[in-house]
Each structure stands twice: as C-alpha cells, then as structure tokens.
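Naming follows writing order (A, B, C and D), and every chain is counted from residue 1.
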Amino acid sequence: MSILLYIRRNIDRAILIFITIFMLIAYPLATTTDFGKFMTDWYTTLAGWSTLLGAWAIIVGVFVIVKNNVMNVVKKTKDWYYDIVTLVALVIFVGAGFMGGYTGPSMRWLSTYVLQAVSTALLGIEAFLAISAYYRAYRLKNIEAAVLMISSLIILMWMGPIFEYLIPGISNVAVWILLNPNSAAQRAMFVGIGLGLIALAVRSMLGRERYGGG
Amino acid sequence: MVSTDPGMWVYALLVIAIYSFVFKHNPAFRVAQAIAVGGGAGYALWVSIDYIQRLGISRVQAGHYIVLIPLLAGLLYLFQIYPRLSWLSRIPVAMALGIAYGTTLIPGVAAYIIAPITQTVQPFWTPNPVDNFSVIVNFILMFCGVAFFIFTSDKFVKGRYGFIGRIGRIGLMIAFGSACGTLLGAKVTTAIGNIIDLLSKWLGIPLGT
Amino acid sequence: MSEKKKERWTKKILNLDNPPIYAILLILLVLPLFFPFNTPVPITPMVKALYDKIESLKPGDVVLLDFSWGYGFKMLHEAGHVAILKHLLSRPGVKIVMVAFFDATSELSWRDVMAQVNIEKNYPDKKYGKDWIWLGYIPGGEPVVLGFADNPWKVAPKDKYGTPIEQYPDFYETVKTGADFALVIEGGGHGGINGHVTGGFLKSYGLKYHCWLAYNMDPSVIAEFYPYYPSIIKSMLNGNAGAAEYERLLNTRGRGSTMVDALSMSHMYAVVLIIFANIIYIYDRYLERKEKAKTATRR
Amino acid sequence: MIKTGWLLDTILFWTIFIVLFIGAFMAKQGKTLKLRELLALEGIREGVGRAVEMNKPVHFSPGAGTLLTGDWATQTVAAIGILAYTSRLCAKYGARLLVSYPYAEWLPLIEEAYRSGFLLEGKPEMIRPADLQPYLGGYYVFDTGVMRRLMDERPATVINVGPIIWDSIDIGETAKRIGAIMIGGTARLLQLPYVVLTSDYVFIGEELYAAGAFTSGDPMQINTVALQDLGKYFVLVMLVLGMILLAAGVPIIQWLSI
C-alpha cells in the first residue's frame, strides 16, 4: 500500500524530471551526428505536444463553470439571474460550434460581434483606467518618485506625435532613455529572472515545490 | 444612416455596456460579463476540440501513432472530476511542464544572462562622445541593478556601499516610468478604434479624415 | 472642530472622483474625429529602416509575415500590417509567406487585413502559390515557433487550404530553414519578451539565425524590446503612430493617419494632467505646512 | 556536436543547474544560507490579517497569461506557490479565499494548492469549491470576470501574481476603486511597471520565482534561492572583467558568443 502511495505521490515528478532532462540534453545538439539527429527529432516531437496535452482540460473547465452556475441558480444565491445569462450564452456558443467548429459561419458571426466587442472594449477602457492611474500614482514624494514621473512624462511626450513639433528633439531624448537607462535596468532584472527560472526548475525536480502547490 | 445589421447592434450594445463600467459598476456590465463568460467558454471548447482533431486525431490517422501518447495523457485531466483519482490529472500537467522547462531553460540562459552581458560590454572610447556616455551609463545602471537584487546580503542596500543599491533603484524607476509612458498609446488606439466603429458603422455618421 | 472637518480644496482636487477625468478624455477622443487638425507626423529611423529594407528586396526573396494578434488587438496592428503588405505586394517578384501563431482568433485578424488589401482586385498579377501563401494558424505556442524557424515545412507541411507545400516550389525550394527568409516581420507584441510568439521570434530568427527581423509592435510593450534594437531587431513599428509614419512614407492615408490626432490629444491631456496634479500636490504640502505652523503657534 | 552559438550557454546552464542541485543537498548536511526579507510577502500577511478584521474575503488570481508553454508556465508555477501560502494563511486566520483563473490547463494544480492550505491547517470544512471560478476563453473574459467579482464581493485584499497580461491595469484599478490592498507581481517586464503603478506591494521579477522558497522555510529551497547570488556575482565580475579585457583589446564579445 505504501508503495502505491509513493508512486501516486511521485509519478508526476518522475515524468517531469525525465522529460526535462531529456529535452535539456537534446536542445543544444547539432544534427550532424546520428545521435544528435535522433535527439533533435525527439525534441521537436515533444515540443509540439504541449497544446494537445492541455486540450482536454477545457472539458473539465466547462464542467466546473456549468456546475458553479447551476448551483448558484438552484440555491438562488445573490445575483443568480445573471448566471442564467451565462448558461444561455454557453448553450448558444456550444450549439453554434456544431456548424463547422470554431471557424464555421455561425461561430464566426458570434466571435466577430460578441467576443470581439468584449475584447476590444476591455482594452479600450484601459485607456481610461490608465489616465486615472497616472493622475493618482505620480506624486513628487522623493527622488525615486520624481525620476519615475519625469521619465514617464518624456515617454508620453514621445508617444504623442504632436510633441515633436512643440518640443523639437524630444524623440531623441525619449529614444535615448529607452535605449540606455531603461534597457540597462531591464537587463539587470533579466539576470535575476534567468537564474530564478533555473532555480524554480531545480526546486520542481526536487519535489520541494510540488510545482509550487504546497 | 443607422445600421440595420443586427450584428452591429449586438456589437455596439456590448461595447457600450463594457465602457459604462468606467463610470459606474452597473447591471449592463454584469450582463455583458455574463455573456462573455458563457461565450468565451463555449468558444474555447470548440478551439480545443479543433486542437484535438487537428493535432491529435488527424495525425494518428495519418500514421503518426506517437501522437497517441499526449492525446491519451491529456484525457487524464478528466479524472479531476472524480476526487479519489484526481492525482492522475497531475500527469499531463507534469508532462507539459517538463516540456516548458526543457524548451525555455537553455534559451533562457542565452537571452537572460549572456545577452545582457554582451550588450553592456561595449567599447567606450569611440570618437562619438554620446555613445561613450551611453555605454558608461548602461554599465553603471546594469552593475548597480544586479547588485541591488542580491538576496543573501544587504551590503549593497545599506551602509557604506548603499549608494550602489540606490542607483540601481533609480535605474529601475526610470525603466518603470518609461514603460508606463508607453501604456496610454496602445489603449487609446483601441478606444478610438471602438469609437470610430460605433460612430461610423453603427450610427452611420460621416467622419472627417 | 468644524475647522477640521472642512477639507482643504487642494485635497479635494487630489482625491477627485474618476468620472470627470474620464469625461474629458472621452471628449478629447471624439472631437478630432469630426474636426481633424492633421497633426504632422515625423518619420523615425525605426520605421524608415523597414521601408528601405523592403525597397531593397530583390525578386525571388521570401518574406515571412506573421499575423499573431488576437482580435482584441485589431486596432493596434491592422493599419501597420495593411501598409506593410501593400508595400510588399508592390515590389516585383517578392514572395510572401503568411502565418499566424498566436491563437485561433489570429485568422480573423488575417481576414480583416486581407479584406482591406484586396489582392485579387488591387494586385491582379500576384498569384496565390507563386507570390504568396497563407499557412493559417499553427497551434502549439513557443515550441512550434522555434520549430518553424528550424524546419518550416516539417512544422507546416500543408497550407491553410490543405495543399502540400511541395507543390509550391518557389517556397519549398528556396526556404530550408529560418535563415533563408530575407525579411521576417512579426505582428503583435503580446507577452513581450516572454510571449510565446514574440519571444520565440526573437530567440529563433533574431538570436539564432540573425535574420532581418522587424516587429509591428504593440506600443505598450515597445520599451521591453528596446534592449535588442538595433542590433538584433532591426526595425519596430510603434503601433498606430508607426503605421501613420509608414502610410506617410507610402504617400497614402489610412486608418493610422486618422487616429494620430486622437493619439496626440490624449497624450497632451495626460501630460497636462500629471503636471497639474503635481502642482496642486506641492501647493497642498505648502498649505499643510502653513496650517501646522499656525496650530503650533496657537497652542 | 553542439550547435554553433550554443556552447557557452549550454556550459553555463549546466554549471548553474548542478551548483543549485549541490546547494540543495548541502542543506541536508545543515549548511544553510540566510536571505533578506521579502516585502511583498509581508504584504500578503498584512492583507490577510486586514481581511479577517474587516470580515471580508481575499481574492487571488494567477495572471491571465497562463498557457502551458514557455516562460509563462514557469511563472504560473511560482504563482501557484504563492496561492498555496495564501490559502494556508487564510485557513489559519479564518478568511474566505476567492480564486479566479483563466485557463483550465492549470485546474489540477490550482485546486490542489487551494485545498492543501486548508487541509494542512486542519480546517477542511472551510473548503468551498464554488469559490474557485474559472473564466475560460481568454484574457478579456478573465478580466471582465474578475472586475465584476471584485465589485460584487468587495474583498479586502486582492492578490494578482503570475504571468500577467492586461489584468495589471484592470484588476489594479478596480482594486483601488473598492479600497482593497493590492499585491501584484510578475516576471514579465512589460507588465511590471503597470503593476508597480497600481499595487501597494510588488514581487519584482525574480522575487516572484523566489517567493515559494521564501514561504516554505525549508532550507533546501532557501539554498537554491541563495545560490542564485553566485550567478549574480558571476555577472558582476564578467561585467567589470569584460570592460577591462575589451579595453585591453581582447575580442571578449566574440568569445561570449561561441
């Protein structure tokens, strides 16, 4: 029984370690030797799997959505009538897919007029949210805040094409800031991110992070 | 001339419903969001079915039986619904995560560790004084920035060498500030695109160009 | 007691509710659509570089044009891609491979662009299969992007309509690896450096094969790519401002030029707003100090 | 044997990888290293405490960029580590935890992380499956969903970490509107500035990756974080040395790209 429990706890980690190490060995190999060719072929094969692996998960996801919404409607929790809208929309979209999948004519209509409306509008309202964030976040409290504000102002002036005529040469300053101090600070963060990535992989393999799950 | 296309009406009403959120949270936004949740899930379902068909089943039919491995491993996700066997559903995640690590770690070293060094280490004695100044600024900010992020000691954050961390912080602030400045451009473009759609396609008002 | 309850007028302005701020922005966005004031557009070297590169393409060169943006980002990239595609099609003998990696909605993006360019009508001598092909959306994320760069026709053996690429010798023979593309244009900046398409293009075509790599970029991520310009990424279009510049180079007026006015107005507004808020803030601190001094003397 | 241009990267990678492994096993022999404090973790503790005081829930979302590929996957893993920590805190002090997530692929891990905290603290009765709400279909479904959920449920603390796309501004500003403490964090540099703009506490870049190790208190994990600093010292040395060698006329950049 304990062996079964051990397998149950660790089988995913074993798979993770095997695939990771295999791909890490295969990645830098040139295809000039037979071994290199074999490994590279397997690398390409494996690399193409990730989308397919995640594809079935959507069924569970839709199941959870349906379950949550039906429960809300049955229990009549707060604002339950909106959940009926959700369920109706789900039924319409799933039904529309029976005519030619997601590229079919009915789904194309739905995605053009319904989903595209929501997605573009969501990005659009961020313009408004950004303006209010600017209004509230930039305060000349100390040197750091002042630097943050001034560099932001210069870039804002560069992004609005009219400023080039009001303040000639602003684009040179902006591009210099983007190319030099901005890039340098980003590179400094890159170093940490690159190292952090490797450390995270090591921790996942040791099973200490349980992919982070406790 | 106001549009007679029902699709345009749906589009316009949804756009207005979402935009109304910025002024006040209201039932119209709730309805639009409820439609988006149901619709998005339905759409994602069909996209995934297309993946399974195109990347999985059709390749198996073409004789690539190796594709059966991810296809069947992905099916283990369904055990998530049955709590006692839900540990099986971790297997496809582990496989995908292994692939993610395997594909990103070595290119990550190239892009995140080597490339920053090669881009910073540049000659600083060229005849162009602006370039020389830029190289020196780059070097100082990169050096101080990396020093600022050291976890094990606060030598570079406090005390005699504290100024190094301070310079690193200021460099970070420049980077954050300049990126915040670029935010508005993208968002305003989308907002204005929506407004053009509403005015010209839905309400049919001729716009000057 | 009653004195304390009364809020300073500066504090009131600093803690202003959002709606008035939003309302002014909305007015500023709508106004230029009716009364355009045609702000002049300066041409930046970033955009000029791409224009010059396309001008210098020789007959037989193959260009990879990527349409990787989801439909929500339509407004950002469409104008730029329309201008670029029109320019590419006007060059004799240049061959175009069109592809999308981002998500299933990228195909909608492609159709929108093609509807505006209208190859059959405007460029009747350009034939499908000989001058351009459309591979459709290739799912699979970053590994597929990297794989496509190593061995394009193994990852995408067929085009969107199911024809094997072997039947298009102009493409099949010329392109063996990613290095054979004379010009690579990525559309969309989702995810920035870490994004599975943008990052994949950078890692493969930029760092590995050293192709002539250009991005039609989402303005909000452009800062992240600056470390790689101009050594690895040779050109970037800054969203619609970049598209307007490109339209100016081609001597046309498209949607990019229409939006530039609103872009200018909103940025002016943001700058004025930030400066205004800070003047009020400094004055508020001055008032606060004065009040404190007053209460101290009273005591 | 090795592709041109990848020799140095490969060597450097395996060196770092093996050093980190050795470091982890060194911890078993009692050789541990110390870390400095992480401000954002303090923020989570404060936020959960505030939620308990105000009798309001805590909201967690692992970023909208979660596909199973590339760097985004690794950041989601790190975010799930923070979720496990948050759920444990919530269980300990008795706060309700709401979780919204955008892609079904991560469902098994998110559910496990959510449950694990309550189980570890011995309060399985606090697990409410309906609090885990998926918003499938893309970032826009997720963002609108979270915005509505925040306005309706009014949590006291909003945690949004992981591979963030546009939710940085949406969720951040909505959290401001309801007066919640906002804790953000991402290793995606393009969104990091907006997170800084809208959040009270931030995990900057690598801090996100390290957070899981910080919370565990397990010496093996802490050693892997601490030994990353060797890499940073290596970069610092390389920068200075590179400048000197370059000035001396050595083609250091060509050497680095073998």
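By definition in this document, contacts are C-beta pairs under 8 Å (C-beta built on N, C-alpha and C of every residue); 3 or more make two chains touch, one makes a residue touch a chain.
Everything numeric here is computed off the predicted structure, so don't read it as measured data.
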Query raised in the report: Going by the stated contact rule, which chains contact chain A and chain B alike?
Result: C, D
Requested in this report: Find the most central chain, measuring centrality by the gap between its CA centroid and the centroid of all protein CA atoms shown.
Outcome: B
**Report entry** Between A-D and C-D, the pair with more C-beta contacts
**Finding:** A-D
Requested in this report: Would you identify the chain whose Cα-based centre sits farthest away from the centre of chain D?
Outcome: C
Query raised in the report: How many Å are there between the centre of chain C and the centre of chain D, using C-alpha atoms for each centre?
Result: 28
Requested in this report: Please report how many Å separate the Cα centroid of chain A from that of chain D, as a whole number.
Outcome: 13
Query - Gap in Å, rounded to a whole number, between the CA centres of chain C and chain A - result: 18
Report summary line: Whole-Å distance, C-alpha centre of chain B to that of chain D, is 15
Requested in this report: Among the residues of chain B, pick out those that touch two or more other chains and give their numbers.
Outcome: 18, 21-22, 30, 32-33, 36-37, 39-45, 47, 50-51, 55, 77, 80, 89-90, 93, 96-97, 99-101, 103-111, 113, 115-116, 119-120, 139, 142, 146, 149, 172, 175-180, 182-188, 190-191, 193-194
Report task. Specify, in ascending order, the residues of chain D that touch 2 or more different other chains. Result -> 6, 9-10, 13, 16-17, 67-71, 74, 77, 104-105, 107, 109, 112, 134, 136-141, 144, 169, 187, 189-190, 192, 194, 197, 204-206, 210, 225, 228, 231-232, 235
Query - Interface hub residues of chain C, defined as touching at least two other chains - result: 18, 22, 70, 72-75, 103-104, 139-143, 146, 193, 199, 207, 219-224, 227, 238, 241, 263, 266-267, 270
Requested in this report: Counting only chain pairs that touch, give me the topology of the graph as line, ring, star, complete or other.
Outcome: complete
Report summary line: chain C contacts chain D in the complex at 18, 70, 72, 103, 140-143, 189-196, 199-200, 207-208, 220-221, 223-224
Query raised in the report: Where on chain B is chain C touching in the complex?
Result: 22-23, 47, 50-51, 54-55, 99, 103-104, 107, 110-111, 115-116, 119, 175, 178-179, 182-196, 199, 207-209
**Report entry** Of all residues in chain C, those that touch chain A in their complex
**Finding:** 16, 18, 21-22, 25-26, 39-42, 44, 70-75, 104-105, 107-108, 139-141, 143-144, 146-147, 150-151, 154-155, 219, 222-224, 226-227, 229, 238, 241, 244, 260, 263-271, 273-275, 277-278, 281-282
Query - chain C - residues contacting chain B, complex - result: 18-19, 22, 29-30, 33-36, 72-76, 103-104, 139-140, 142-143, 146, 193, 199, 202-203, 207, 218-224, 227, 231, 238-241, 253, 255, 257-259, 262-263, 266-267, 270
Query - List of chain A residues in touch with chain D within their complex - result: 24, 27-30, 32-33, 36, 50-51, 53-54, 57-58, 60-62, 64-65, 68, 71-72, 78-79, 115, 118-119, 122-123, 125-126, 129-130, 132-133, 136-137, 186, 189-204, 206, 208-214
